[in-house]
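Given below, in the form of structure tokens, are the structures.
Two complexes come next, and they have one chain in common, chain A, joined by chain B in the first and chain C in the second.
Coming up: the complex of A and B.
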């Protein structure tokens, strides 16, 4: 961008004054933001630097998550890279303003590329305006803030072209390589303008451009577009710990548990709030938001930011900023975290606030309290006698191992498999498969207790740690190579959360993966197809998003002759929760529409004959959902089966 | 102002009763606070919070070593102190009269005593009356509602008798109240409450210091008999015609009803 009119000292004086004051203001704002997020518990996010840099390439440079919506992904990609290129021009503009000679900025190749990106940014901005004002997708919040920012970007681009066109014309260097400014100059007829008018036009555009640059910079920290600055650090410092491993609380040496105030959130959790662009992808994916409940993950993050910006650090977050109703509506399905392009961690913020309610105030929905009391007194959320774990195994002729026994495969039956009649059938189907494949296995009967997953996710870390202690002691009394479970929640806890408490063995398998392994080894013989049977698979969130298990159950299903898998629109890592996670299984869902009915509708819409689940809680929710639908439509409910049942029914 | 709440540790409600060579045992060794007593603890804490802010709430129990767990829970919920009346191991259990006398003797100065309406293990409904008798206090059992009038040293109590009719009482203090389920919602102890409760001292008293040996009555049945297990439903399989003819056969041949 050429610079003509800094000869006048007044111009130069004001230029330097604007640069200095705006830069100081911006620097001061950033410093105060950093200061505001720093107080809080330790949270080391500097480990594994190479992995973090890789994430920068993946999520910042390649914008991998943005491409899930290709048209928007393209528009954002162009704005991002266009902006980077145009920023080079802006740097040149400022350097020239300070009377530095910037040779490369005069290069016609550079000018041509600059023009290319300037035009791309204009196109992308116009598309963004069109999307917000005309298309109006559900999840996009129409805000004055967004329009103002888009307006500023448009203004920067247009003035940039005007400055270049006018400057080149005045110098007599109007060349076609800088094609956009060249075209604009000819379109507006610059060569025919008198030099003084053109110089005035240039001056006005130059000042508008300069002021907009700094207005943009100073306005950023106060708008959702602060993500231009915070996104990259937020992604760099994003969690590298498995999502299924909740932070362990030190119960002995702390006085406060969970999050009540901002200074109890870590600096990274507060950085999350500054990085949020309010794009609404998390809200779109959230089952609670979708069903019209009060919880909206974006609002959780945005409201925390408003609290950070406007309220005293000692004010409680609970009540005005975040309501209990919002916190209890979360199924911890992590659809929000999966959707967020900036790797914001919504779930830990929600569960940390739940921890405060439960551990410090004893506050929770009544049914959650009952589940916790059952866990405390009876070791399972159903509140049934622990003796029943062995009694029913006994009716099936299965004798638990004795302490010290060795076995290759230990089958962790879990509470659902022990106490819920429908889930018992899943266990029996799995046992049928194991017997068919001639795999010897053992169970530990009454030595099992709940893994503590619901207690931890409801917020009772104390109870969780007690249950873990008991289970680790019990498991370490047996020698086994692999641990098999039909429950993704048991699997997740045992796999990610138990090592910290001393579980020696970490080879924990979900039955869908194990079935696939047995198939691969040729240990499962299946009946020839009699007729084509259509199934659809409801993924468990704790398998897909938490444990990256997406393909194994699909491949296992497709290996069954005659089975045709029809996918629901939301499947794999983008699946929609059944509504039972995060302890929600034990709470009533009496407000607005139910998550499981919505999901059952999606399953029925596929036209498949059978709905396959991979989790006993999903099974309960999907059975209830399909029944509720059939009552409404007066038709037989869709058949729901676990993947183990499907395979066992097709054994040769 | 002293408030006391009497609690008892009982077998887990889901535990199965097992008879081994004439000795009664339970399938689940975990014990719990008598469920009615949880409501009594909450009632005692609310009495302090709502009407008698200067009061001290004492939880008291009589039982084996493990009964201290029940007292720790009461302390975690918010009771100020705890008394444990211990006794020598015995194959039987103490008569409610003895329990009431022991608790009555342990509670020296008391203005309000809360109990569960009954223990779910032996269903005696007796202890509240014995305590009241020991201190010449009013006593109302199966209480559904309480309104406090601290200035007048009086309570308004609603009692529900069998059949659901309500009886209204103006009750002078001191008083013993036997609390029924549904009076309140017992609170969930906070973690700091649990941690503090772990460190609190529990006053230990010996049964023999409270009740003379000659007044100690132990109960021990000569023999036990468990109820017969209910017979499971028999499902008749087959199509409707087969089911109908099988049902007719059972009614006629097996049960001799038709």
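Coming up: the complex of A and C.
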């Protein structure tokens, strides 16, 4: 951006005054923001720097998550890159204002490229205006803040072109390489203006531009567009730990468990709140928000920020800022975290606050309390006698291993598989497949208890650790190479959370993956297709988003002759939760229409004959959901089957 | 040895749990004081004066600080392992920093030595404990001691009204209100007749009510029936509803999902009526009848009334 130096010292004096005061104001605000987020527990986010830099490339430079919505993704991409380019011009503009000579900024190639981006940004901003004011997508919150920011960006771009056009005309250097300012200059007829008028026009634009630059900078920290500054650090410091591994609490040496006040959230958790742009992508994906419950993940983050900005650090978050109802509505499905372009971590914030309620105040829904008591006393959430784990295996002619025995494959049956009649059928189907493939395996019967997943996610870390210790001790008494489970929740905990507590072996397989492996090895022979059968697959959140298991079950299903998979609109990593995770399986859902019914409707809409699940809890939810629907709309509920049942029914 | 019995009352009468503890003191031939938790006037009408061995009847509102104040005068404080009793004793124990033994199933006194038996590991085993802290705080499980009263006019009984001088209790029980219904409460009822989705509408639940009324019981429901609007949420039995454990539980047209079983599996006798012989409910039922409930239930009512 060429700067036509005006000789007046007043101009220069004001310029320096504006630059100095605005920069110090900005610096001061940033420093106080950093100071406000620092107090809190340790949270090391400086490990694995290369992975972190890679994330910067992926999420900042390539904006990978933004592209999931192609049109706005493109607009944002252009605004981002355009803004970066234009910022180079702004830097030159400021340097020249300080009487440095910036040669490259006068280069016509640079000017041309810059013009290109300036025009792109203008187009993108106009589109953003159109989207917010005319299209109005559901998740976008219409705010004056957003419009003000967009307005400022537009103003910067337009004044920039005017300045360039005017200054080039005045210097007699108006060249077509700087095509946008060139066209604008001709369009407005600059060459015909008297030099003094043009100089005045230039000066006015120059000042508007300067003031807008600094207004923008100083306003940023107070707006949701603070993300322009916080996004990159937030993404750099984003978690590299698997989402399925919750932070372990030190029960021996802590005085407080969970989060009651802001200083109990780590600095990164607070940085999250400053990074949120209120884009609403998380709310859009959230099953609780979708069903109209009080929980809205964006609101959790935004309300934490308001608390950070406006309340004393000693005031409790619980009650006014975050309500119990919101916290208990979360299924920990991670749709929010998957959706968030800024890699904000909603779930740890929610579960940390639950931990405070449960461990410090003993507050939780009554039903959750019952489930926890059952876990504590009987080792399973329904409170059924532990004897039954083994006695039903007995009736199936399966003898548990003796301590010290060795097997290749240890089949971890889990509570649902052991006690729930419907889930027992999944276990039997899996056993049929194992026998068919001539895979020998062992079970450990009464040595199993609940893995503790629901206890941990409800917030009772103490009970979780107690269950883990028991299970680790039990498992380490046997020699095995791989652990197989039909339950994504068992799998997730065993895989990600147990090593810390001393589980030797961590080769843990979900049955859908194992079935696929057996198929690949040619160990499974399937019947010829009789007729084409249509199925749809309900993904488990704990498989897709937590453990990256998306393709294996699909490929396994498609390998069954005659099976035709019809996908639901939301599937794979964007799947919609069944409503059972995060301990929700043990709580009543009476605050809104039910998540499982919504999901069952989506399954029915595919027109498929059978709904396939991969998790015993999804199974319960989908069965209940399809039945509740059938009461109103269908004569017979849609058939729901586990993937193991589907395959076992088609064995040759 | 001096014992204080904390007696629970209901409608101005001693509850049978209090009579159990009184019987225990009588059999051990130890004089004791009785503290009733309720309005002062009640003490006379309780019929407690007629029990041999009562020295003094104190009465007060439910107050942990009050019990804690009286504590030093006694060697043993006995109470009931009811919801209210366990709560009160926990608070007394915390305030006075004394050992507490909850949910005791046997008490034995030999000379000055007190031995108690209580379940541990969620009832998987029983611990026999010799108690040698004084005063000892003990709550006894209802029906554990049994009632064998020796009644006689007891002239030496005094009645005192006692008020706590200071109270640190944050909540004080002021009034107990009876539910409106004539019928027994779902969780306390000896007989529960439950219906599921198969009842098809709320009017059909009447056939269950009729059977329940004739057996002096009440009606429960599966969540599917509640969701469909045939029954209220207060009637839901199961994991996320009420936990019941009646003498007789009749499941009519309920498949027996584990979420339902979780709420009624401890019932003494389970009777299942279902058209599907493979319904899981039959696995835990003591008596299973494969039949259409719409035919069978009215017939049962007719036979029984």
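Just so it is clear, the second predicted complex is superposed on the first by the 649 of 652 C-alpha atoms of A that agree within 3 Å, B and C clash if a C-alpha of one lies under 4 Å from a C-alpha of the other, contacts with A are read in each partner's own complex, and residues count from 1 in each chain.
Here, contacts are C-beta pairs under 8 Å (C-beta built on N, C-alpha and C of every residue); 3 or more make two chains touch, one makes a residue touch a chain.
Bear in mind the structure is a predicted one, so any value in this text is a computation, not a measurement.
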| field | Clash or fit (per the criteria above) of chain B with chain C on chain A | value | clash
| task | Figure out whether A:590 sits in contact with chain B (first) or chain C (second), or with both, or with neither. | result | second
| said: Per the contact definition in the header, classify A:113: touching chain B only (first), chain C only (second), both, or neither. | reply: neither
| Once the shared chain is lined up, is A:147 touching chain B (first), chain C (second), both, or neither of them? | neither
| request: Would you check which partner chain A:378 touches, where first means chain B only, second means chain C only, and both and neither mean what they say? | output: both
| task | Using the superposition on chain A described above, determine whether A:628 touches chain B (first), chain C (second), both, or neither. | result | second
| field | Touching partner for A:370 - first (chain B), second (chain C), both, neither | value | second
| request: Using the touch definition from the top, say if A:421 reaches chain B (first), chain C (second), both or neither. | output: second
| task | Just name the clashing stretch of chain B against chain C, choosing from 185-193, 203-211, 221-229 or 239-247. | result | 203-211
| request: Would you please give the residues of chain A that touch chain B in one complex and also touch chain C in the other complex? | output: 377-378, 383-384
| request: Write out the stretch or stretches of chain C touching chain A in their complex. | output: 122-123, 197, 224, 227-228, 233, 239-241, 243, 256-259, 261-262, 265, 280, 283
| request: State the interface residues of chain B toward chain A in the complex, per the touch definition above. | output: 12, 14-16, 27-28, 30, 32, 185, 187-195
| What does chain A use to touch chain C in their complex? | 367, 370-371, 374, 376-378, 381-384, 419-422, 586-588, 590, 620, 624, 627-628, 631
| query | Contact residues on chain A for chain B in the complex? | reply | 251, 255, 257, 358-364, 366, 369, 372, 377-379, 383-387, 461-462
